[in-house]
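Multiple structures follow.
You will see two complexes here that share chain A, one where it goes with chain B and one where it goes with chain C.
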Partner chain A sequence: MSSDIHVGDPLLVIEDLKLEFKTEEGTVKALDGINITVKKGEIHGVIGETGCGKSVTSLTTLGLLDNNARIRGGEVLYKGVNLLKMNDEDLRQKIRGNEISMIFQNPSTSLNPVYTAGEQIKESVVIYQSDDKKEAQKLVLDELDRVKLPDPEDVYDKYPHELSGGMQQRVMIAMMLACNSNLLIADEPTTALDVSIQAQFLKILRGLKESRDLSILYITHDMAVISEICDVVTVMYGGQIAEKADVHELFKNPKHPYTIGLIHSVPGVMESIEEFETIPGTVPRLINPPSGCRFHPRCEYAREICKEKKPELEEIEKDHFVACHFWEEVE
Partner chain B sequence: MNLVETENLKKFFDSKKGTVKAVNDVSINVIKGETLGVVGESGCGKTTLGRTILKLIKPTSGKIYFDGKDITNLDGEDMRSLRKKMNIVFQDPVSALNPQMTVYDHLNRPLVIHNMVDSEEEKLRRMVDILNTMGLKAEHLIRYPHELSGGQKQRVCIARALCLEPDFLVLDEPTSALDVSVQSKILKLLDRAKRKFKVSYMFISHNINLVRAISDRLGVMYLGKLVEIGDSTDIFNEPKHPYTQALFKSVPQPDPDEKVEAPLTGQVPSPVNPPEGCAFAPRCPRSQSVCERDNPDLIEAYGRKIACHRYK
Partner chain C sequence: MTKDDSYFGEKEIDLEKEIEDLKKKETSQIELVWLRFKRNKLALFGLGVLLMLIIVAIFAPILAPHDPIKTDIYNTRAYPSLEHPLGTDQLGRDTLSRLMYGARIALLIGLLVVFVSGGIGVTLGLIAGTKGGWIDEVIMRTVDAFLAFPTLIFGLALATSLGFGLYPVIIAVGLVMWTRFARITRGEVLSIKNEMFIESAEAIGESKTHIVLRYFLPNILPSIVVMATIQIPWAILAAAALNYLGVGIQPPTSSWGEMVKSGSVYMQFNPLLVTVSGMAIVITVLAFNFVGDGLRDALDPVRRGGK
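And then the complex of A and B:
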């Protein structure tokens, strides 16, 4: 695997990925042509509502899909090598942890209840940093300290159920940072954290990007977090890409009605909860997704053509892509 | 009129390194009919406080009052009949529901255990009424958890908690795992249910703007202690405790040009060996020598209660 990849070069290239799940009720068309490029040293955000395919995109990358998944097309190139063609053994040996590590969405189910926090992190440290027992222990404590856990020595000996939700999440994060990988996939890593710890955590990630040129695929449904940390953003809706742009461009000049809806839905200062306005309607079921533009049932700009024809992802300005028939009218 | 009140409540856990003071001398009250928001750093003891008040775990010391009655040592039949008056909803609806049980089963159990209904007819009427209140329909009764979306699952959890007509609910991050549009719906439904069923809430959340919108009063915790409590609007307009100020400054804005500067730095203190004086002193931008020496009392100031030496 080539290692002379420089900052700004593509590290992970997901190309036209199509994915389905077979279920009793029918075929779930989970991903319908997803393109995402994460460059070396870049933090790439992926945002969208529940079920739009954020997690399965990352699980495909690591070869961790459920048995009922069928890849219908596309490539996932990491340093130029197609991971979809790699066997499980190689993925485990050469990719997971080593090159790409992942913080999973749900900390309480991804930590092992029968091992203490310290033992679990030590496993990563021993594999990826040092197999000297004494040193490994110290490195674990450093990792726990780095994610701002109080009293690392105490947390080291604690079992997951003895930690608060946010502490479990930080243990997960420490475990992944211990891998020293080149690409970090972080799937909703801060849902259980309070805003001040979240702010510190985001700062840690930015620091790693600066110091180690770490690349991050950052998955979330929080637009405010996206604006805090990401360089580039991909907005997903119903298994498709709605919009993609540099973070400043996306917030200053959003062109997809869905992106605008997401930006406006961030809860601001409100007198009462009745003022909390969001995008009307609900996310589509992907067994029978809406025809044409999958967003049309919820879109205030939708017209006849939106039901009939799927809008192509169009480059409307350099590096700014939108899939909407009426993007020129949107404001 | 207080519905819930604690007096010097403590909940300690033993750990290898010593005693974890998860809830350390908290006197807090929930007024009848209100929503009390509770915020604070991850691990500061919010969940433990909620669980201790509901007597899901045994307090180490201190007193708990419910509707004026000391319930600290209540057990057996008395505690059982109190159970239906107070309940809790957790963040994670997935693990809170039994995959083998339908929505009907989930609602049926508490209604039967607590003898809440006389006939099957009345039971169904009540189930449907509660489901409607949470924006679900009668047809959802026959569904299993895997046939529901995340938001629908959480609505079922809330419906289950509401169906015993409790007086008091602890909502522990009830929507933080959900999309904003679903959050908005559920929080509005909760707010309306509060009036319809005359229930009081303790609402624990990390989303500062949501807490602000939904709470009548706000309590701010830091390392097992209550550091500021009072009218929610007052505190949001003018936070006084340096921790509250730092917390509010950490709220990210949806604007890439405005970054949060992570104002809280310094070593996070441990609930095993809390600092001698004010627990926040090691990280406080305004600490003075007295702060490291003495623990500040929670005192009345600015129409609220604050525990900080800066306010005397």
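And then the complex of A and C:
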């Protein structure tokens, strides 16, 4: 695998990914033509409500999907290699940890309860950095210090349940950092943390991006977090992409009614909003998704054509894509 | 580390306080288990009995007043005396000495059987649980088939075909008992299979074998330990039953099962032999059960009162 990828070059390219789940109730079309490009040294945010396919996208990248998932088309290219065509053993040896690592939503369940924090970080240090015992231990302490855990020697010997949520999450990051991978997938990593810890966590991630040119695919349902940390944002709805733009552009000039709804439903992100609004209705069930534009039952701009024809993703300005028939009318 | 590696300026005050709090309550896992175990008086009593039993078994040659296989035809079926505190058997052998040496056999059987059956059961359970699919089906249907046999008859058949002695008994009882370990292990594996920490281990690229040995096994170990303490008395009982029926360990080696058998023949003349050897079995089995119960509660407070 070539390593001559520079900042700004595409690192992970997900192209027209289609994926279904076979369930007893029927086929769930979880992803329907997803396009995401994560560039080297970029933090790419993916936002959407529960069940819109954010997490599935990230699990597909690492080949960690459940047995009932069927990929129906598309490619996941990492440094030009299609990960979907790789077998599990190759993925494990060449990709997972090595190139791409992942932080999960709930730190308290993501750590092995029977080993101390230090032991667990040592697992990845031993695989990816040094298998000399003494040196590995020192490297673990370095990693703990790097994520600003106070008193690393003490944390080293603590079991996960003896640490607070924020500390557990830092241990998780330290564990993933020790892999020295190029792409970090963070799947709602701050959901289980309180707001002050969350801010520290985001700071660490941004620091990593700057010092190591780490690329991050940041998955969340929190617009505030997106505005805080991301460079580029993809808005997902019902397994499809609704809008995609640079973060400033997206907040300044949102064009998809769903994006606008998301922005307006967060207090304090846009100062001009005095009262926050909600988006009516709930996320569609993807066993039997709405026809045409999947957002039309909840959309105030919806007309006949929205029920019949699926809107294509259009580039309305440079690097600003929207999938809506009436984006010109939307305000 | 260079300066660039510092991702944010100051360490936070609240976290430092948190660490202080953690330092104050330095209680390790094992200490915690011991604290909970101590609360159960029966379990503590059982542990005491077991320790005594182990000491007796180890130091039997020193502690026993007589040679356990030395016969004395002028002093058979004797009542307790200073020379023979628990009397003698039908061949004039000292009952106390034979009991002490019998403890060695009983404990050895208990431990080795659990090793054999636990080894087979846990390995197969891990394979069934982690692999799933047809491998799981084959293993678990085999377990069902084994369980369909009446255990004692099955053990009897196995022990008879394997010949006499200590090891045939151990293998026979072990082959009868592995199924429970397999079931428990598989169940526990399935219950943690979808935990995030397994997934995160996969995400850092750990190998399958490594995940089984370092993630699954240690996490299900408490259940296996509890299972083992419950299985040991079972094994002792089963071995005693086999000895009573005449297979397995043969005289003159002393085993509790064999002692119950010879004692029961002349029960109406001198009930002491059958009583003390029977009591030895009962006390050992109960002690193990108490310890097993105590351990189960101590390792898993959630399950307390259940089952």
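FYI, the second predicted complex is superposed on the first by the 320 of 331 C-alpha atoms of A that agree within 3 Å, B and C clash if a C-alpha of one lies under 4 Å from a C-alpha of the other, contacts with A are read in each partner's own complex, and residues count from 1 in each chain.
Everything that follows uses one rule, which is that contacts are C-beta pairs under 8 Å (C-beta built on N, C-alpha and C of every residue); 3 or more make two chains touch, one makes a residue touch a chain.
Please read all numbers here as calculations on a predicted model, not as lab measurements.
Visitor: Taking the superposition as given, does A:E328 touch the first partner, chain B, the second, chain C, both, or neither?
Guide: In the superposition, A:E328 contacts neither chain B nor chain C.
Visitor: When the two structures are overlaid on chain A, which partner does A:R146 contact: first (chain B), second (chain C), both, or neither?
Guide: A:R146 contacts chain C only, not chain B.
Visitor: Taking the superposition on A as described, I'd like to know which of chain B and chain C A:M223 touches: first, second, both or neither.
Guide: first
Visitor: Should A:S124 be classified as contacting the first partner (chain B), the second (chain C), both, or neither?
Guide: A:S124 contacts chain C only, not chain B.
Visitor: Is A:M102 in contact with chain B, with chain C, with both, or with neither (first, second, both, neither)?
Guide: Once the two structures are laid over each other on A, A:M102 reaches chain C alone.
Visitor: Tell me the contact category for A:H248 with respect to chain B and chain C: first, second, both or neither.
Guide: After superposing on A, A:H248 lies in contact with chain B but is clear of chain C.
Visitor: Touch check for A:E300: first (chain B), second (chain C), both, or neither?
Guide: In the superposed model, A:E300 contacts neither chain B nor chain C.
Visitor: Looking at the overlay, what does A:E49 touch: chain B (first), chain C (second), both, or neither?
Guide: first
Visitor: Kindly classify A:Q200 by the partners it touches after superposition: chain B alone (first), chain C alone (second), both, or neither?
Guide: both
Visitor: Identify the overlap between the chain B-contacting and the chain C-contacting residues of chain A.
Guide: In chain A, residues 106, 148-151, 154, 158, 162-164, 166-167, 196, 200, 203 are touched by chain B and also by chain C.
Visitor: Quick check: in the complex, which residue numbers of chain C touch chain A?
Guide: 1, 4-8, 11-12, 14-16, 18-19, 22-23, 29, 195-197, 199-207, 214-215, 218-219, 221
Visitor: Spell out the part of chain B that touches chain A in their complex, as residue ranges.
Guide: Per the stated touch rule, the residues are 13, 15-18, 20, 39-43, 47, 91-92, 95, 149-151, 173, 176-184, 187-188, 191, 206-210, 212-214, 236, 246-247, 250-265, 267-273.
Visitor: Show which residues of chain A lie in contact with chain C when the two form their complex.
Guide: Those in contact with chain C are residues 62, 64, 92-93, 95-98, 101-102, 104-106, 109-115, 123-124, 127, 142, 145-151, 154-155, 158-159, 162-164, 166-167, 172, 175-176, 179, 196, 200, 203-204, 206-208, 210-211.
Visitor: Sort out for me which residues of chain A touch chain B in the complex.
Guide: 49-51, 106, 108, 148-151, 153-154, 157-158, 162-167, 169-170, 191-200, 202-203, 221-228, 247-248, 251, 262-263, 265-280, 282-283
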